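Look for chain A in each of the two complexes below; its partner is chain B in the first and chain C in the second.
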Partner chain A sequence: MAFKPFKITPSARRLLELWPLFPAAVYLIGFLIVVVSYLFALSFSFADEHGVTIFPSFESLRAVFAAPEFNSAFVNTIAFVAVGTPLELIVGLALALLVYRSFHLRNIVRSIFIIPLAIPALVTATMLFILFDFPGGHINHLLMGKYCFLPAVLHNPINWRGVKLLALGIALAGKVWRDMPISMLILLAGLNAIDPELFDAAKTMGAGLRQRLWRIVVPLILPSISTVVLLRSLEMWKEFIFPFILAGQNNLLGTLIEILYNNWGNAGEAAVVSLTLVVCIVVTALVYLVFIEFVKKLTARR
Partner chain B sequence: MADVALSHIYKSYDGNPVIADLSLTVKSGEFVTLLGPSGCGKSTMLRMIAGLESIDKGDLYIAGRRYNDIPAQKRRLAMVFQSYALFPHMSVRENILFGLKINKVAPALMEEKFTWAIALFGLTGLERRLPKEISGGQRQRVALARALVLDPDVLLLDEPLSNLDAALRESAMEELKRVHRSVGKTIIYVTHNQVEAMSMSGRIAVLAGGNLEQFAAPQAVYDDPQTLFTAGFIGSPPMNFLTGLLQTRGTETGIATEVGFIILDKERQVRCVASLGKKVIVGIRPQNISYTDHFSARRVSDTSITLKAELFETLGDRNLVVARGAGDTVLRFLMKQDDDILPDRQVGVFIDGRKIHVFDPDTRKSIFK
Partner chain C sequence: MKTRLPPMSSAQRTIWLIGIAGVLFFILAPLYLLVKYSISDSASINTGGAPVPFWPYHPTLINYWYLFTDSQFYKVICSSLFIALGTVVVSMMLGIPAAYVLGRYEVPGRKTLMLGLISVRLFPDISSVVPVTEFFIRFDAQNTYWGIVLAHTLLALPYVIFIGIGSFESIPRDLEQQARVMGASRFQIFRRILLPLSVPGLVAIAIYTFLLSWDEFVFAYFLLGLGKISTLTLYLKQKMTYAPPQNLLATISVCLSLPVILFAMLMQKYMTAGITQGSVK
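Then we have the complex of A and B:
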């Protein structure tokens, strides 16, 4: 019997190509469904004083949204996102532009900039905790002239983590320092994709550094900028470690979930805060996806 | 318009010199081509003139003013790059107006220049298109328009035709010549393509290994190459080279080679008297070796030799014959399409004594004074 070659239609081929992704898709979607449905169930459950669980109930939602702790955590988180995201973008862009230029030992400098990413966030946060401790942290000692190489600029130590703005600021600075290599690497990839002759051309036409940055670099790395803004803002929404270690009572949504669940044993309210966080993240992602499409159209048609 | 003078220019990368003590002057309004193979330093030279590369040693003068330390953005030059370097996020109009906006030109003048440029380069109707939406030839014209609207003192062109196909390159060369004639700018053009250099330039600077081999008009570079490199680099098919001894036999001076005694014409005999008795390298262009059958009126300065035809290459209008002479010497020559030479047959050819080039093997320079 003659061998008959097996023929496959293009649509069947496409399906076949997707087949290896199936287990991962099932795992991810299944996991998501289980977690989110459980989150919903918990959010709309309420345990009364006798320990009886009532479902469905809006009691947890009502309690959370009426609590000043939630409002404070929500505002703190928005501040974290609103300040932290542009900060990570600016620091990342500055570092990317720095290592993009050709200079002696560039590879070593680039490697140094990636070091923060290699340090666990918990370690970085603990280091900052020790540095800004009260009253005997290194920063206080330094400012009080206890180290011989600097004169005293303070007479009394500052309770860095006791002041809300300072505590959140230190937590944010730690977060930005630790995650800046991610932004830098994404933006550096965008910069490296630009033909260097474009900069030369702009130079020969009289464009200075600032004009080259705003008229050439920024429009051409807009896709990278959008990616950084999206990724980093999502990260900022769900930040936990730095505010947990450094911000004390000044909660973010992420730390409030932990406190509600572990300290107060209120799973329903913790679930409501978690659900709020999920909604915030989804809304942010959708807004940025629309924004990215807008930017793409803008850069394609300009 | 401005003249450009390069005086004893030296440039090295990591201690390796790419330009070594190079001097040349481009006159105001002149079209000069820097011609040479890859790595000869021609693009580096252009980038130094543009201010995109620093000058290690030597001086650059434009219109009599020293430009070494003037940054690129402050030089009144414009450059067209090999890749055209059009800004991909800007339309044709925005690309052309970019430099004018940067230099804060008045809107009315900007519009006037834009209208002039798109008319000159036939870009009408493409104003709103992005670079990716136009053809290679149109991109090249946009790049030229973008450079010329700036009204630069000097226009620098870095292999702007190398991305075009042969047909488009021909028309682009004509266009460039027309533009040069109409705007009269000083143009410094870089290429490795001798056809582009020969057909467009007022003068050609032949570069090799960072050195200036010759700086002369195209015909002079072709007819009278001053170095062995120029002789081999200019001309297609490339020149044949033979070694021999310059000597006088009877009343004739010529070169004793393995294929025979190649006679020089009277004018050349006078110019090489000082080198008599020396070992030399003879250069003969394939165009100056003629197949006997179609050249009956021989001159006294022609040398007749016999070769065995081995290979034939069709060039379209003519055929290139690769033939072997005495002492296994390979010589290439051209024959007409209707000439009938059979492979592996002995053919008689003669060499035009008026077109022979002779070089000193040590200095690699022409011995003709």
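Then we have the complex of A and C:
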């Protein structure tokens, strides 16, 4: 039998040239497939009392959506997103406006403003865990007027992590404290793109500080604002560490996943909540993008 | 960029100064208190109703001494270092060649491929951790070093690739073409020209990957639990579970944050260069 030499076609040769890309691509796309397939497989499986796994089954979905713990976590998460997103925007904008102007030590001040981002989230949460301790943390002592420089606001110490609203509030405060530099940097980039002469012109024409802020700054940094709102709202949905350490029994969807998986050993229900979280994030992003497109069209018509 | 803005009135200037001072206070005060707690003696914490002092009655390094004489702490530090360095090695070995190809070659379906590469990171960590843990359990990779390194690589790899692409794209193509004309092979060009020129970017990537693994909590918690292998974040969480002395928590927190802050400060030059490389196209 005649030997037929193996010929590499030009397109195959081109593909072979790309080989260094393949291990990483296989790794990431492989894990993407694992994550998606396991999420669906676990969500639609159910282990009966004999340990036999039934697939497909809607039992895990039914159990999760009927559970009051899920409803409570879902409402808490929505509240977390609804309050946290504008809060991060406002704090980020305030910080950006403060360091926008040139001044001595501006670089040092800006570096200090970025420090919270360098602190691991778990450490920030631990810091708040200590400061808001009950009954003897610094915050309780401050509010009880134990230091001479502040009058008493409280008579008895507050169990911060024991009251739902306060516990979620501290978790939210920690999240905003740690992430505010991100919002600041995005908004600062938007502010730096504005021509400073616009402010001069506006001031010459008699515009006050508030008018300059609302009529010049805000409209011109709208793209940065929309980026902050989108990114921050998605981050708020994803949040786990701060409520995990600080919010006690007041679960968000993230901490509910942990409880279902680690405490109750229920991978199916944990997967259902995980999937719900992904769906919420996708829906938020889509609704937001549609809304932004709508606003753009509306302003273009005007 | 220096901004030339209209000068402020004295009232505006006062408000601005108060704003700057207030923000500096809200950022630095909690950090100061964390460090203060870490050098506090127990009398400064259990005050018996007296206000917790803003400076310890008897500042002490005994908490650090306790930690650094605790063999479990050393084990945890070594585990954290091993996992973080392992993550850097695996992520760079996989990510840098991929970034090189994506940054320097015409890849068919590039946009779709890039979306595919980053897609796994679009999932929240807390959503992807359950399927990944279940998958690892199937292969007995739970509670193993290689399991957690692979999981951290999953988190770091998309960043490595994307920052790496920016680094490689910023190197002029003429250099590569000239080397090719002079007979250099593709590997020689990569090793002798592209790698040395992209060192700042690569250092930035390595530091970022190290820190990502060093302070990662979610995957470590699910994959390692509070079991045999522990990381510094898990050690901190473990201490929190059992009515923790606050000064010890603060000391562990300082130890956990220090490498992050030190790396960020020492390597700022490389980080800035790396980020600039990534942004210039």
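Methods note: the second predicted complex is superposed on the first by the 248 of 302 C-alpha atoms of A that agree within 3 Å, B and C clash if a C-alpha of one lies under 4 Å from a C-alpha of the other, contacts with A are read in each partner's own complex, and residues count from 1 in each chain.
Heads up, the rule we're going with is that contacts are C-beta pairs under 8 Å (C-beta built on N, C-alpha and C of every residue); 3 or more make two chains touch, one makes a residue touch a chain.
Since we're looking at a predicted model, the values are computed, not measured.
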Following the overlay on chain A, give me a clash-or-fit verdict for chain B and chain C. fit
Is A:I158 touching the first partner chain B, the second partner chain C, both, or neither of them? neither
May I ask you to decide whether A:G206 touches chain B, chain C, both, or neither, giving the answer as first, second, both or neither? first
Could you tell me if A:K238 is touching chain B, chain C, both of them or neither one (first, second, both, neither)? second
Going by the contact rule stated at the top, is it chain B or chain C that touches a larger number of residues on chain A? C
Considering only touches as defined above, state whether A:A79 meets chain B (first), chain C (second), both or neither. neither
Using the touch definition from the top, say if A:F129 reaches chain B (first), chain C (second), both or neither. second
In the overlay, answer first, second, both or neither for which of chain B and chain C A:I292 touches. neither
Quick check for you: in the superposed arrangement, does A:L166 touch first (chain B), second (chain C), both or neither? neither
If you've got the overlay open, could you tell me the nearest Cα approach between chain B and chain C in whole angstrom? 5
Starting from the residues of chain A touching chain B, keep only those that also touch chain C in the other complex, and list them. 200, 203
Once bound in the complex, which stretches of chain B touch chain A? 47, 50-52, 71-75, 77-79, 81-83, 85, 87-91, 94, 98-99, 102-103, 130, 146, 150, 156
In the complex, chain A touches chain C at residues 17-18, 20-21, 23-25, 27-29, 31-32, 34-39, 42, 94-95, 98-102, 109, 112-113, 115-116, 118-123, 126-131, 133, 136-138, 141, 146-147, 177, 192, 196, 199-200, 203, 209, 237-238, 240-241, 245, 254, 257-258, 261-262, 267, 270-271, 274-275, 277-278, 281
Residues on chain A engaged by chain B in the complex (per definition of touch): 195, 197-198, 200-208, 211, 215-216, 219-220, 299-302
In their shared complex, at which residues does chain C touch chain A? 1-6, 8, 12, 16, 19-20, 23-24, 26-28, 30-31, 33-34, 37, 45-47, 50-52, 94-95, 97-98, 100-102, 105, 107, 113, 116-120, 123-135, 153-154, 157-158, 161, 186, 214-215, 217-218, 221-222, 225, 233, 236-237, 240, 246, 249-250, 252-253, 256-257, 260-261, 264
